[in-house]
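Consider the two complexes below, in which chain A is the common component and chain B and chain C are the respective partners.
Take a look at the complex of A and B:
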């Protein structure tokens, strides 16, 4: 079997030996990995480097000073708390609005379904800065600027399309006959919701929560027009630090900012297969 | 004892389609009544009205003396075995079977005990820890059965429970359902389009077409004395001959078609002389004539067109005219050759004649009217 495959391969590429072909493959792979990872590497090194100027290839020495600065000078714990509070609020609002909407779209006959879907996707398809401009004007008139709720509401406009798409696909995928069996077995709507619908929709729910969290935690454009001194988030703080010329401090904050995303990425990679979640999603 | 399940004038429409058209049916305590009919005739719709998954547009549904027409599904206390099993994919077999008990507030230890007992009844002991996806089709349907009987409902509905199983398993499960019914004594409505299943399993059969019950009766009645052309055609795989009624006496009706005459037993609603008529002939009432025909047999001429070996017998396709072909099963002691001309004898008691009016009941447009 293997011998046949090798023989076939040899016939197709008679001049390139297996060693060379492998070398080429790995070179490209390595280049790709470096390209994707190099910004992270740069940030990571900057955040712990000292005397890393000019043409030096490696920093003169390593230090945790920038993290110290980040924590003391910029009130990093408070900023981090803001990011988490806002992300939490965004998750809550997105689920509360998104789940019933998704249920209606996925399981009921909705007349203006296409119009609704377009509307839901709109905030994701227009240039963020355009959307941000409109949003900020609105927020000023409602006094929502510099409140956790306000920033979370702004983030919700971005997270909601994800939640609605994922959850409506999840709900549409639920087998009506199984739910009917639940009712016939004697379960009222609440019991069937808790014992049947929720467990069966769990992968979609998990994905919604994770996506919403990442969206909010990493959001920049909309935050910039809705934040204030009390609602400074990690992304905006990073931006401000860059603006002030503290590249090392900005890098240190970025590293902190990266941690949840990396954890989530690992979680997603382990627990959730994208094809399962997005299998039924159309128009994404 | 009064009826356990009663449908009174149940009507259900989907837009223009009348899926159930003034359905009336009464099922006695401990009885198994089959709804038998072609695909799309409204069997599932009728069943879903009984479970409460559908709200009928008219009529009442009475279970055990209680009018449940407006009672939500989960309060009707009915067991249902679904065609596609409809097991809960995220629960183990034991938890699937235990679900009806769980929603009734039965404690977990007792729940488990009773679920295992129900699984033992359907001969699935030892598989309780598996998930539905780890079971074969037959095993999944047994779990469905166990889930329906576990809380000892007085009424169990079956919606084509065996149609997703292979032929051998179907026979086995049929036996199993019959023996479970004998042991547990539940009352049931059993939906199927398989006449053999209906005939062998039922106390009574209700033959349905286009949302209407054509006839209700014991299997022998339905088979032996069909009241409409549809019922005659649907059961027993009969041969048919369409022609004109030429004679009608006290005890027989004679129909002539393409120069051939056939006598059928006379009933009050059989065709009048001069009317177009269809005669249904049970295959078991037809034989190859040798010698003279007796008084209660008609003789028909036919040519052998094709033969099919079936193991214990051989089936011959015989042509009576250009447009009429019959099938006939013969033991291997009689052999016919293709192209041979034979004389057939049709026993009058196995022949039924029906007038071919304008009505859709003539059985010829069954497919077309089901689609309309």
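Take a look at the complex of A and C:
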């Protein structure tokens, strides 16, 4: 707790030992930056490393062999296509199912709203492994295992609560005066929907799409219990490569996996305030 | 922030009177049906299946509580539950200790604070498995950190074993799940009116006392909201201990191993139900006992 006291002191009374408190502050920040960044650096270097054995700080030589392996031996393009198809399906299903419910919860009188909301958020409260076994058994009896639709349905259980949460808040926050103006000016419901509701709900919709994508693209537990040879995703492929002990190939796949995440990260930073997105991300 | 969204939602948005909406209750119900039906089919029904499996004997007929009794009477299983809870609590505590000073620094909008904010988000966007792989390579016996330690501390005997140990898991979990606590703490700290702290300072309170009696209580709702998420994710962590846990197997790994490797679905399902109950109980306890940062605090 001393660091806390020092940091608080530094802010409140900068005159007392400014040099020391500044030193501590920047050491703390530097340590934090290194702590967060170094795993990425380790993966990047490993993915192109050759002759990197005990005691060396950097690999003896560099190679693109592991990327070649990742693309050809593990069929990375096919696996990537699976990941994107499943993420796309998850987005579509989550929005189609979630938006009507979000509209009702956000703009209409719903009895037992709190109970309903708690139930809808429950899949994000209990760890996925608690219903993964049952889901797997259910999917076997419905013949949904190893289908893109099946894996997407499994991912939707985690994406839907977030879509409902964020969209109902978005709908509840729509400016009533604008909607009233639309009605007064004689717009029919469809015109009002397209020209008034849709633009106003766009930030929430964007957030829902982005985070449904991230949820599906990164989901491990529910993919592991529903995937098959035809629906191998990047996540599971990374796990299999690590399990086989091919850390270099796994690193190469990881670098490929990082690309969409980094793009999304930059997009989100511009579009949405980070504080608003917590409910949607799940790093399991 | 999710919690704020929820609160706004519960207070009822503008224009929620049903009179204004055509169709009334029937339309409302029709709008609610898809999501409820979906969750019933793909969330609640699977839980029911899991529960059903857990109370079905191996020969397939009748009802038995045998699996639950086995778990409750096994010190090994209690150890696993304790390990899972311990890792989650440890991660939460470390995350709060990391989040508070970081938030107090970022609040001053020092140079580069935007880049730092982006950096806090990074672990959220990236697959846990990928970060775990990076951390495993980094903390390896021949990894960069051990190379660094061997240069800085030449008298230490041999490389540090971090990978596949409990401290290692805590380091990994904190890397992965602390951003939730950091983000909510940051937004809570930035929401505090500086004049309130100024007033305490002018009244003669020492910096530590301002922090403890003014800043911390005001930031507490934010710290609490984020740390619940950190706790939940650390408690449910599966992929990370699966590849980085070594001999330490928290509940999710044990559940998966029992079901997928040993084909013992009855035991796996019973463990899954125990896990769900422990998760819900832990959250209930946490929200119950964390409503005040320091009980009996004067001021």
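Everything below uses one rule, namely that the second predicted complex is superposed on the first by the 253 of 284 C-alpha atoms of A that agree within 3 Å, B and C clash if a C-alpha of one lies under 4 Å from a C-alpha of the other, contacts with A are read in each partner's own complex, and residues count from 1 in each chain.
Here is the rule we go by: a residue touches a chain if its C-beta (ideal position, glycine included) is under 8 Å from a C-beta of that chain, and two chains touch if they have at least 3 such contacts.
Please read these numbers as outputs of a predicted model, since none were measured by experiment.
Trainee: Clash or fit: what happens to chain B and chain C when chain A is overlaid?
Mentor: fit
Trainee: Per the contact definition in the header, classify A:195: touching chain B only (first), chain C only (second), both, or neither.
Mentor: Only chain B is touched by A:195; chain C is not.
Trainee: When both complexes are superposed, which of chain B and chain C contacts more residues belonging to chain A?
Mentor: Of the two chains, more chain A residues are contacted by C.
Trainee: Just chain B (first), just chain C (second), both, or neither: which does A:178 touch?
Mentor: first
Trainee: Using the superposition on chain A described above, determine whether A:238 touches chain B (first), chain C (second), both, or neither.
Mentor: A:238 contacts chain C only, not chain B.
Trainee: So, A:187: does it touch chain B (first), chain C (second), both, or neither?
Mentor: Only chain B; A:187 stays clear of chain C.
Trainee: Quick check: superposed on A, how many Å separate the nearest Cα atoms of chain B and chain C?
Mentor: Superposition on chain A places chain B and chain C at a least C-alpha distance of 6 Å.
Trainee: Where on chain B is chain A touching in the complex?
Mentor: By the definition above, chain B touches chain A via 51-53, 72-75, 77-80, 82, 84, 86-90, 99-100, 102-104, 147, 151.
Trainee: Hey, which residues of chain A end up touching chain C in the complex?
Mentor: Residues of chain A touching chain C: 1, 3-9, 11-13, 25, 28-29, 32-33, 35-43, 46, 53-55, 57, 96-98, 100-101, 103-110, 113-114, 116-117, 119-120, 122-123, 125-135, 137-138, 153-154, 156-157, 160, 164-166, 168-169, 171-174, 176, 179, 214, 217-218, 220-221, 224-225, 235, 238-239, 242-243, 247, 250-251, 254, 257-258, 261-262, 264-265, 268-269, 274-276, 278-284.
Trainee: Along chain C, where are the residues that touch chain A in the complex?
Mentor: Residue positions touching the partner: 1-2, 5-6, 8-10, 12-18, 21, 27-28, 30-32, 34-36, 38-39, 42-43, 45-51, 53, 97-98, 100-102, 104-105, 107-108, 110, 116-131, 133-138, 142-145, 147, 175-177, 180, 183-184, 186-187, 197, 201, 207-208, 210-211, 215, 226, 229, 232-233, 235-239, 242-243, 251-252, 255-256, 259-260, 265, 268-269, 272-273, 275-276, 279-280, 283.
Trainee: Which of the residues in chain A end up touching chain B in this complex?
Mentor: 175, 177-178, 180-188, 191, 195-196, 199-200
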